[in-house]
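Two complexes come next, and they have one chain in common, chain A, joined by chain B in the first and chain C in the second.
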Partner chain A sequence: MTELALKKNAPPASSYLLDFWRKLQKNRMGLVGLGMLLSITLAAVFAPVISPYEPSSTADVGAGDIYQPPSAEHLFGTDDAGTDIFTNFIYGSRVSLTVGFFAAFISIVVGGVLGIVAGFFGGRWENFIMRFTDIMLVIPDLPLIVVVVALTKPSLLNIIFVIGLLGWTTTARVVRSQTLAVKSRKFVLRARAIGAGRGHIIWRHVLPLVMPILVVQAVLVVSLAVLNESTLAFLGLSDPTTVSWGQMLNYAFGRGAMSTGAWWALVAPGFGIVWVVLGLTLLGQGLEQVLNPRLDTHHLMPGRPNVGKEAEVQSGATKPVLEVRNLSIDYVSQGKAPAHAIENVSFSLKEGELLGLVGESGCGKTTLMLGLLRLLPQAGQIVNGSVFFGGKNLTMLTEEEMNAVRWSGISIIFQGAMNALNPVRTVGDQIGEAIIKHMPGYPKEKIQGRITELLDLVGIAASHKDSFPHQYSGGMRQRAMIAMALACNPSVVVADEPTTALDVMVQAQILELLAELRRKLGLAVIFVTHDLGVVAEMCDRVLVMYGGVTAEYADVDTVYNDPRHPYTQELLKAFPDLTKPKKKLSSIPGYPPRLDALPPGCRFAPRCPAVFERCRTEQPAIHAIPGGAEHVASCHLVEGVK
Partner chain B sequence: MPDSGIALLSFREDILLNRFQNLIRRIGWAVLTIAFVIVLNFFLFRILPGDPARAGVHDPRLKKDAVEAIRVRFGLDKPVINCFDSLNPVKFGNCGVNPLETQFFIYVRNLFIGEMGFSYHTNRPVTEILAERLWNTVLLIGAGQILSVIIGVVFGIAAAWKARTNIDYGALTVSLLVWSLPTFWLGIILLFWGSANGFPIGGKATPGMSSMPLSVRWGDIAEHMILPTITYTLVYMGEYMLIMRSSLLDVLSEDYILTAKAKGLSTFQILRDHALKNAMLPLVTVIAINLGFTVAGAIQIESVFSWPGLGLSIFEAVNRRDFPVLQGAFLLIAVAVIAANLIADLTYTYLDPRVKME
Partner chain C sequence: MNAEKILEVRGLKKYFEVGRPSLFSRKKESVHAVDDVDLTLRRSEVIALVGESGCGKSTLALLLMGLEDPTDGTILFENGDITHLNDSQRKPLRRKIQMVFQDPYESLNPTQTIEEIVTEPLKVHGLGDAADRAERVRKAMEDAGLKPAGVYLKRYPHELSGGQRQRVVIASALVLEPEVIVADEPVSMLDVSIRAEVINLLADLRVTRQIAVIFITHDLGSVGFFADRVAVMYLGRIVEIGTMLEVLEQPRHPYTKALLSVIPVPNPRLRHERIILQGETPNPINLPSGCRFHPRCPVAVEKCKVDDPALFDLSSSHRAACLLIK
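And now, the complex of A and B:
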């Protein structure tokens, strides 16, 4: 259902409409539709000026004038009575538009009032109105309109009322759901709290927000009314005193245009109907796009080509399982400079190692992980660097080769497994799918056993194998996700904040499970988290990221006992330490930089307590810090430290 | 949503119980709606200006006793409902009238035994006429519906998958265009073109075919069906395409599609195994809601192609002021649409494991 993106406070109603109009001006589809509609409306208004003849005038008509093909004298030819089709065409627009607009007006008023009453007052009224709407909605409307018009009199007024009074159902539904959404907004609740009358609230607060949707709905209802009117006329139910497009078609079809081959008598009126309805449809689509802007992007759109370097050879004698070297990722959007989401990040992962990836939200942790597996959204592009895994540079592989690496080599546990599992397939089925894909030789009869085994590993009873995700609790879903990640015996598992949105007890269980599985199966794990406590307890090495770059990278003891980057130091200050109970906790003021507004120098400079002049202009390089373990930090302060 | 193992255990039973309750409730609403239509249908046909008999027979020269005979024949001499001779509120009747002898009761009773009166035009029982024509409409709508759904779905998938490419824009343009075509006009244009190119000019069969072998007769009917079916398909495929496209776009931006991609599944596998079922579910509802509109299409198509279905009955009845047939055809169409809606509703609850019944 269409629902508006509502703003927090209620600005004056006029600004909504102005804003709306401004956006519509940029929408080509809507403008074309509006243009088509305006042109035919003008033609209808100025019909007497445009038309060369009187409508349906049979004066000076002779037998030879019947069904004359188009000529200079009769632009669209003549019809069965010898009258000028162009004239009738112009005058016909009057009936279509009159019926369309007036009938739609009735429908919109009735539907709008019923919808607002149902949505705003709720309770018994809502129940009654919506049940009645449901009943009216299933009764086929055209047959009912035909019956009622046939039983009464096909005068213009009757047709308008019948079409109008039977066309309000969808409007009532749409308006009701929008009213419900508006009703619970803060400013409406506030207005109620200060004792504003219901009429006032509806008029000043609800109506302005329902209006745009009503406009879209009105456009749709007008087009349906125009179609219904022309159908009625074609079926022979039209006001005989006025000429309309449907009626012209009825006469032409019933009175020999087919057999005499007078195509012009059939084409012109139909073209009129299509023009109006298409104009309205385009306008409606345009309005809809303005109200409900959606990015038409999705996960299956082809990604941008990687601009990695030529396959470098992996260096070093002891090859790590995974080695990321100078990886840079940009977000590219049309008409804007590319945003550097990840710049020059390098790290490596040994067999069985647990790497903690920490940093605030928006520091590029998830982007980095998606980049590893080449699962970036369409705007994302790897612009530099290499990812070595199993002797191959992943950035150079084709999509098919990459598919073979995914899950069987590197698997990923997404944050919020709530939506990461397909809701309409059973959990066991989704685990089995990975096995079938990546272990083609696996005996079929053993797959079910393997699924049970995996679920057992994460502590889910085999009886839940054939349940759907919605039948699982949040913690169970996260465990199921872990079981799925282990299905193909990967050598690296990426756990992207696997415990957010879970309660503390479940978090602890999941973390323990991960640590245990790592010991048991010798997995290498990249653990993405905000939680420094978890990192201290579980991880071997830590990569601290800030604003898309490496802040500091070292083993866990070094990071906790000898942090060199001010960001790491500040993060640790914000984290309680049980061994120093009197420590004062402090938070870092401000937020990580936005990708489209990165500071020119060091990305942490605006928030850094140790900032000095150089930081604001020059981005620090990644400096190695001497002393035992591999330790790097990107800060001007550590440059040249011996 | 259940959040513990205990809740999980009892969940299955809940589903069964709720499914049953849900079934009963939905059937109840369908029955209520049908009852509403029956009542509506009765009173609609009595708000006629003037006497239905006179209006129906359409001849002011008829003698008074002839009109009376017609009124008796069509049961119009009886009071409309208890206390009312007619719907004219001033004309009170005798409240002591046996309710079993009112027009309303007779109408309802007759409906239950499948009796819908006689055609003013041919004097044949309405039930017989409609029974003959119902299947032709089902045949036409069935063929058209299947084709338009298939084509709409295929193009919708292509458009969503290749979103924001020329394939997408092309499919969008075509569907908006066909959506805007008046059904009857498209039919006329196709018939005009077809009659010049060797297609039959309407009807269901070529006259004199009844003596031919069955296979020839079926072939002949199929040939007559081509143009009406194309019209139907063209008119409705646009909407299905639009809905499939937007539904699939929604699904393809879900997290579980990213999971499927991370699992190394190919694009084809993801579409087939993870996206299509989820995206088709909303379509089931739309197809059901659309049935009301497709009947409207059938009236137009059958009128243009003289296809002897319910729609043509309505067209003819309107032009001949043959009210019993109009009344019967409307009732039959309404009941069929309500029933189809019910079936689609139930199918949806059956297909989607997530549907939770309150």
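And now, the complex of A and C:
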């Protein structure tokens, strides 16, 4: 079943190059750049066909032909020698592009090799190469090029070599740092562990990952080389037997184009240079976006309020702090059917209650939590349901009203404390910022006291207030995150896998802290985790989620000792229990469903050991299980239970 | 457990010098990552190496793999000294000792297909012709639970789930037909429902292929059913070692007891008193005097600050390093 599904969902065998080309096609900036570059390259290649005259043909020139303005006969006018500027412009592109491409090729090869050697081998090699690179970088490029070209004969070949051999420094630096990054990745260690030699590792593992950067760098180096060539020619340092854009500028300047008002003699070559450099820059940026998708991340956007619905009123005599009713969230992207990330989820949270939200990665836990605070990515939309907090339906609030609830009403402890803290600001500073931002009226003079108080609450000595995150241990960073979440006295705290990356002992410390804070402050906590053990130790009630829907929701004792949904049962069997060593762990075959390929019936059906025909076609409703406690499960099997 | 010894470690030490000597300071400090470890692994045995981050368990793995050079001590493989080998001497050995890494998202090259990844070890070692390689790759992948292998061959790592990727890593280790697998936290990045299948897979390999496994983890809870022996490490040393049942049911070292007490039990009716150690593992640069564990030990007495306990025999298989045991 899974294999079949795999085959069906498999994207066509994608090669890296094809994939790359497909992405580039969607990148407008890159395409425009590529187009600009191709047009001028074609013009250069087909110069004899395109240009109306022979290059630099001055044979039939009379005095009246000098500095002729643009006309039908001379599209770009004529220059001081009476030659056709359009012809020179086209032929000039040959020189500029030749120098650009070949010089860049030399730069890229030299810079690439030196960068990889320095980054990969390190030690003395690296020291030598990088110090040499530093020296080269200190010397200003252009004067050096001018001096070297002036000393040697300014032939085309010399110019190519000089520009090429002096332009590799940035490439070497960029490639070295990328090599260092690749080298520290685990697959390089794995390659060493299987016995691969250095050459093999560089060729098969480092080079493919350095290549994207090298390509982007190449494009930028070409534009630099084109500029350098033009500058040299403008200064008169070019092969006098060839025409280039820089040389055209040089002649125009030197021979009175400015004083005679012959602007066209300057515009044509200038336009050529700008066209090529702009094309290359656009292409480089486009390539960078394609090859480095991290530049194009999804930003958390405030979700839109779910307006246009009758305002529901919160019911019940004992009002819970937070009540979620039939919440559904879709991910909408253009040209695709909406993906139902969350469907019909309900739960409530009383004061001081600790709710465990359990499920595998991709089951929608994080989407649900972000949905509560309306911090979903742009594509995520609340399509149904309500979230009651403090008597208000959060799905109906305006963005300003919602901002007042975030942090001071409901706050989040994020997972991965190192990434969630700003590395260049002190921890105390960052907690203070949270207070200032979310409690605008808070008296300034009391902030420092409040920070100390918060740190004390989570067990961090006040002396660490002015330390930076990297000076904290993993456990302390997580404590700091908790202090930040408590900064504005929220009544509900969402803890999103707060202990996942921590050692067992530190995890135990953090759990102890959360339990204590709950007692002390009467906090209601939603504890998001995939660790069933932690939930059993800590929580009052448990919501088990699978594929975006509620699988089972009950108090903790019922979930562990009388689970009704097969998923809950299987999940418990897969969890190692130290009280029963030697017991073989069972795993749940297959993988959770992808949101864009949900099974038609019950979402757990493809993996369920108790599956029967109906499960494959009909999605089960959420059934209440009689027996006193609030216990629901969405499974056809519990429907008949009375 | 009287099978032949396959891997033996004696008095193994690895000190890292910290702080590059620069123009201004020549002060040398060293991190005692692994400090005098003895360990014997027998054919098709599974030893779980347990400890918190910074206890030296991952460094020990790299030493066994020859990816780090030990400061002192010896490593024997099938009774031959392999402590200091150069690359060409070590290459034939690499076929026999393979490693599975923690993070299946990081340990696969994103630009290679699964086929390239699993075939690579064979190419590196120049084993077999194309047809032979394809057959070995298929067998290794199916032994690692990637069935049928053909479905996966042309895919890239990013198209697979975490559990599948870890199976690819295991397949690329199996393809060389190793005798020892060093698995460094192979399941800590995976979801609970998938952890069990990777652990079961490793447990099956010892039966089907007689592979001995060193299973490194910070989670004592996950070693329960398949480890033959458990070694608990703290600050570069083994503080307790014994059969799985000895360590899990009669722990003698206070550190082992604390570690066991904080493992969450998936049953709310069995909520129990936890021994929560304060602070975190100290910096292995400035080791505490006496017993390394004494600053965090809930039962430490005066002599613990002075005397450094050696491993003490509790039974033929069970040993613990604590002054209070005698």
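Structural remarks
Operating definition for what follows: the second predicted complex is superposed on the first by the 498 of 642 C-alpha atoms of A that agree within 3 Å, B and C clash if a C-alpha of one lies under 4 Å from a C-alpha of the other, contacts with A are read in each partner's own complex, and residues count from 1 in each chain.
Here is the rule we use: a residue touches a chain if its C-beta (ideal position, glycine included) is under 8 Å from a C-beta of that chain, and two chains touch if they have at least 3 such contacts.
Note that this is a predicted model, so its numbers are computed, not measured.
When the shared chain is aligned, no partner comes close enough to touch A:Val110: not chain B, not chain C.
Contacts of A:Ala574 after superposition: chain C is touched, whereas chain B is not reached. Once chain A of one complex is fitted onto chain A of the other, the partner contacts of A:Leu151 are limited to chain B, with no touch recorded for chain C. In the superposition on chain A, contact of A:Ile412 is made with chain B only, not with chain C. In the superposition on chain A, contact of A:Ser473 is made with both chain B and chain C. When the two complexes are overlaid on their common chain A, residue A:Leu249 makes contact with chain B while staying clear of chain C.
Shared-chain residue A:His205: touches chain C; no touch with chain B.
Of the two partner chains placed by the overlay, neither chain B nor chain C lies in contact with A:Val528. On chain A, the surface patch touched by chain B in one complex and by chain C in the other comprises residues 473-474. Per the touch definition, chain A reaches chain B in the complex via residues 134-135, 137-144, 146-148, 150-153, 223, 227, 230-231, 234-237, 249, 253, 258, 261, 263, 266-267, 269-270, 273-274, 277-278, 281-282, 285, 294, 296-301, 373, 375, 400, 402-408, 411-412, 414, 416, 419-425, 433-434, 437-438, 464, 467-468, 470-474, 484.
Chain contact summary for the complex, chain A toward chain C: residues 3, 6-7, 10-11, 13-14, 16, 185-187, 189-197, 200, 204-205, 208-209, 360-361, 473-475, 503-509, 512, 530-534, 536-537, 556-557, 560-561, 570-572, 574-589, 591. Against chain A, the residues of chain C that register as touching in their complex are 52-53, 65, 67, 87, 90-91, 94-95, 98-99, 101-103, 106-112, 120-121, 124-125, 147-148, 151, 154-156, 159, 161-164, 169, 172-173, 176, 191-197, 199-200, 218-222, 224-225, 244-245, 248-249, 258-260, 262-271, 274, 276-278, 280-281.
Chain B meets chain A in the complex at residues 1-4, 8, 11, 29, 32-33, 36-37, 40, 44-45, 47-49, 160-161, 163-164, 168, 176-177, 179-185, 188-189, 191-192, 195-196, 249, 252-267, 269-271, 273-275, 277-278, 281, 289, 291-293, 295-296, 299-300, 303-304, 314-315, 317-319, 321, 323, 326-327, 329-330, 333-334, 337-338, 341, 352-354.
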